[in-house]
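So, here come the structures, one by one.
In the two complexes below, chain A is the common chain; its partner is chain B in one and chain C in the other.
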Partner chain A sequence: MAIRFDKLGVVIAAIAGYAAFFAPFATFRANRIVPGEGRFILDALPAVGGPLLLALIIAAIFVALLKTPLAWRLVASVAVLIALALAIGVAGSFLTPPNNTFARISPASGFWLLIFAFTLLLADVLTRLELSPFVRIGILLVAAVAVGALLASGSWDSLSILKEYANRAGSFWAEARKHVALALGSLVAAVVVGLPIGILCHRVEVLRAGVLNVLNIIQTIPSIALFGMLIGPLGWLALHVPGAAALGIRGIGTAPAFVALFLYSLLPVVANTVVGLAGVPKAANEAARGMGMTDRQRLFGVEFPLAFPVILTGIRIVLVQNIGLATIAALIGGGGFGVFVFQGVGQTAMDLVLLGAVPTVSLAFAAAIVLDAVIELTATSRRREAVA
Partner chain B sequence: MKLVLPAALRVVLLVLLVAFIVNPGWFEPLFKPLTENNAPAIYNQGSLLSLTLQHLGTVAVATIAAIIVAIGLAILVTRPFGAEFLPLSRSLVNIGQTFPPVAVLALAVPAVGFGEKPTLIALFLYGLLPIFENALTGLTTLPANVVEAARGAGMTNGQKLLRVELPLSLPVILAGIRLSVVISLATATIGSTVAAKTLGEVIIAGLISNNLAFVVQGGLIVAGLAVFIYDGLMALERVAARRMGQAVR
Partner chain C sequence: MIEIENITKRYDKQTVVNDVSMVIEPRTIAAIVGTSGSGKTTLLRMINRLVEPTSGTIKLDGVDNHSLPDYELRRSIGYAIQGHGLFPHRTVAQNIATVPLLLGWDKERIDERVDELLRLFQLDPAAFGPRYPHELSGGQQQRVGVARALAAKPNVLLMDEPFGALDPIIRTKAQEDLLAIQKHFGTTIILVTHDMEEAVHLGHKIAVMDGGRLVQYAKPAEILAKPASSFVETLVGSSERPFRLLSLGRVGDAVEKGSAEGEAIPADASQRDALAELLWSGKPALPVRGADGKALGRITVDGLVKLAARPA
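This part shows the complex of A and B:
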């Protein structure tokens, strides 16, 4: 009988095989900004560790390559990912010369490619399992706790990204708070303002095209320009309107960033409210009217609940987009993780870029998973009510 | 979502935009009030025209590469041979779009250095997703009876793809390209933080020297370009949809 290969497995095997044998696993640099030298798995890990990790990777490659049951593939991908997470920490302390605080060890292309290959495998398994929303949130929590535990255990402390963190622990959390406050605050503001505008646009057809056009055009203004343009008007407000400065309105800093994110958020919220309300079945509206509901009762009792999943989709778009865009706020002194990204770009210190980029991507990713799950839950519960 | 501008207004705006890019000096009085301390009102560290052309060039190269790869991949995963990749590619598109453009840009720098290259990579990767997503939607939601009829008419798989499936999904694919181009136009400005020659230079020069006039003119040019390209591609989609006998949106 001929052996059947899994096509995705072939791709994963090719990436992982190259990464494990031909790409450096970790980079060693004598100090923070000099170019690094690559270290392969066997050189980067203590005597037993290297061969052990390689053996595990090869075994997992075979599981991916052959047509194996989903459970095997799940175990293989999770096992390799955990092993890689532990190994890079070990490599960090193994490669750092004793009593040397200048040397920097960071994950190199081989590590990242291995992570990519086996995340691909894991993503494929999870997609095929068609997990329920609660399970997906559960897995996210477990992954977050696992990463948190690794961070707390100190096994990654010798890696350069955490050395950058150690130098900036205080400002890191301050920027993190600013980042989340910017992304969430502007979202809340956009929902509070956008929902009524959406309802109004739904009711008054004349307004619809005009309002959506204006919001569309705002979206096309590049973010750094919009942030910059708001410096002027807000600076003027701070100077000329009594009390404005006391409220924290200033030309540069958080205020223009907040307003810009708010403006960007309006379109998805308003547009999805309009689309959601337009999609409410006529029969439902007629029935509600027949029961003698007032316009207001109809809005809150019928239209709004039915349109809710679509509106929530708009909110998901906004939240993920805002978490990403908030990084730009750093350019105008608004703070957030972008501070580290742009400082890192300026100093060509890539660990610093990662210190800003990794939390941003993780936040956006977590927000997407949670909101997707919530959207699915509301959509299915509506359907169940409709059937019942 | 439609962007409706009266035709006459459109022409006037287009003429103004082109005139501004070619000879920004004419508009100096308009921008003068935005400056302080006699700062220059019009960007003076390079020609707006060449920056605009470089900006458009960068976006065009990245978008064309993204179109080729995205449509190629979408065709691959919708054939029986690549069907195994379909569920995974759907989730990858979802995951990929949560990556902020700035992060993609900054992370590309260590791999390829400063300049145009990281910008091209970020624009390519980021532009890939909407096109791929729409191409997938287009190719997987074709009316079954049409595809059956093509098979019944004795078409080979290749003929079916080129004469039936791709033309029918063209409007949806074009919508993806439009989305991708508009995102890329705005994202390219961020490329200037890693030393790419784009209109972002004008904006960043304004932010650094606290010159609002620079920020506004850089932003307006990019926004203007985006609106017109959006408009033009929208028109193209309507033509494609009409030719396929689909309802004109």
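This part shows the complex of A and C:
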């Protein structure tokens, strides 16, 4: 029987093979800002641990490389990901010299590449399984709970990123709240303002090109420049409009960050509303008018439901984009996870950068999965209702 | 009764409907025929004010159609749009329930009406009611479109090529259904069609449009016998004329005394079908029987050929 290779599996095997044997698994540093030394899997783990992990990875590489049943691939990817999560914690405590509080152990490129390779394998399996939206959200929850349990168990406490967290536990959650509030708040504002603008652009053709062009131009202004442009007007507002300052409106801080995110969000919301409404079948609209629906009944009864999946796609883009962009808010004192990123860059402390970046990426990833599931649910609800 | 008086519609310089006047008697079907772009749809849509006329008036039962808000007017007029126009996000039952819902009927009455209409169009309510339009065939979609137009029992029904997408067999069936429904409810129907055959078959009167003008408005027999212009003559199709004329008459009206050998023809069949049967059988005459199966006499090729000649 000829051996048959899986196309994606070849890529995954190449990455994982390189990461396992030629890239450092963990980095050891004497303190938080000196350059580190790489440690390979066999050096980073206690006696049996290293060979065991390597054996598991090699087995999983073969499962990925060959055309194997989906169930095998699922087990292989999940097993490696769990083993990696546990092993990095073990490496942390193993590599830290006894009674040394300055030494820092952090995951190195080999670890990240292995995570990437087997997440790719897992994602491929999950896509091929064509899971229902509810199952996908369920898997996300299970993963979140598993990570939460690992964090709570303290098995990662010896890793550098958690040492940074331990020093900043209080401000971490405050910035997390600010980050989410910025990203979600500006999204809600953009939807509240953008939907009516989109509807107006759809109904009044002369407005359409103009409005979309202006929003397009805003979208291309670099965020730093936009902040700079907002300092003037917002500062003026704070000074001259009574009560504005009391509402938190200032030239720097949360207000300009919020306004900037809001402005960036408008284009996807307005554009998708226009595209969604334009995609409503002409005959359905004509029939709605012909049967005596008022404009409002037609908007809410026919146009909106039909345009909804497209509008939701716009909202998904905005949410993921905002979660990422909100890190920039820290530049002008707006808070959020960006605070750690920029402090870390300033201190050349990579661990601190990660403390800001990892939660941001995880949040964006989770938001994308949840909204994709919601979009699929609204698009297929027709068929499901029909069966019910 | 629908009275269209000197109605004109212009877009910029182009006159799409040009000074059209016609009266559609209550409880009759008027078929509008004409080439593509001759203004049929525009004329139809001025009745329910989807298009506002440039000049002229339209009265429904003596009342100007501008005396009501447009949406109220439209709820009282059934409209089967060119190419069904069903709402893709609503089930068949919800689609049919649209106008009754707008009129505020209670749920029980709506459900009853939806079931009644689905059965009328040979669609099983339990099987088709909960389906979505994309789960129906093109012909089924069109029938649902017509059912939806009839839902609130309108006195007036506007139909824009409602049977365009149907195959000949389903089409004939749908035409029979429409005739039965029209007789049953006494609906006044204006039907736009490309198909002269359909116009002759369904229309009590036929309106021929050409370049926005109404060139002839008369009973089918008259349109066939005395086309007002060479355009109407072409539209009628000179090679089809005698057969269309025959299709208007029933066998019962052409029975002769005597008897004949062969398969009997029912008295309510059309004279055209009878001629086809005679020619195909190769016989000069065939017996005719009534609905009760009683022999009525015979029908002959010679007799039908005389009837197919241009009336004096």
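Following the convention adopted for this analysis, the second predicted complex is superposed on the first by the 381 of 388 C-alpha atoms of A that agree within 3 Å, B and C clash if a C-alpha of one lies under 4 Å from a C-alpha of the other, contacts with A are read in each partner's own complex, and residues count from 1 in each chain.
We adopt the following convention: a residue touches a chain if its C-beta (ideal position, glycine included) is under 8 Å from a C-beta of that chain, and two chains touch if they have at least 3 such contacts.
Just so it is clear, the structure is predicted and the values come from calculations on it, not from any experiment.
> Does chain B (first) or chain C (second) touch A:Ala287, or do both, or does neither?
second
> Based on the superposed arrangement, let me know which partner A:Leu131 touches: chain B (first), chain C (second), both, or neither?
It touches nothing on chain B or chain C.
> I'd like to know which partner A:Lys7 touches here: chain B for first, chain C for second, both or neither.
The answer is first: A:Lys7 touches chain B but not chain C.
> Which partner chains sit in contact with A:Ile231 here, chain B, chain C, both or neither? Use first/second/both/neither.
So A:Ile231 only meets chain B here.
> Should A:Val302 be classified as contacting the first partner (chain B), the second (chain C), both, or neither?
It touches chain C, and chain B stays clear.
> Please tell me which partner, chain B or chain C, touches more residues of chain A.
B
> Per the contact definition in the header, classify A:Val361: touching chain B only (first), chain C only (second), both, or neither.
First partner only, chain B.
> Spell out the part of chain C that touches chain A in their complex, as residue ranges.
Chain C reaches chain A through residues 45, 48, 50, 70-76, 79, 81-89, 91, 98-99, 102, 130-132, 135, 145, 148-149.
> Quick check: in the complex, which residue numbers of chain A touch chain B?
6-8, 109, 120, 123-124, 126-128, 209, 212-213, 216-217, 219-226, 228-229, 231-232, 271, 320, 323-325, 327-328, 331-332, 338, 341-342, 344-345, 348, 350, 353-354, 356-357, 360-361, 364-365, 367-368, 372
> List the residues on chain B that touch chain A in their complex, please.
On the chain B side, the touching residues are 1-5, 34, 81-82, 84-85, 87-88, 90-92, 94-95, 97-103, 106-107, 109-111, 182, 185-187, 189-190, 193-194, 199-200, 203-204, 206-207, 212, 215-216, 218-220, 222-223, 226-227, 230.
> Going by the contact rule set out above, which residues of chain A touch chain C in the complex?
Chain A reaches chain C through residues 281, 283-284, 286-294, 297, 302, 305-306, 382-383, 385-386.
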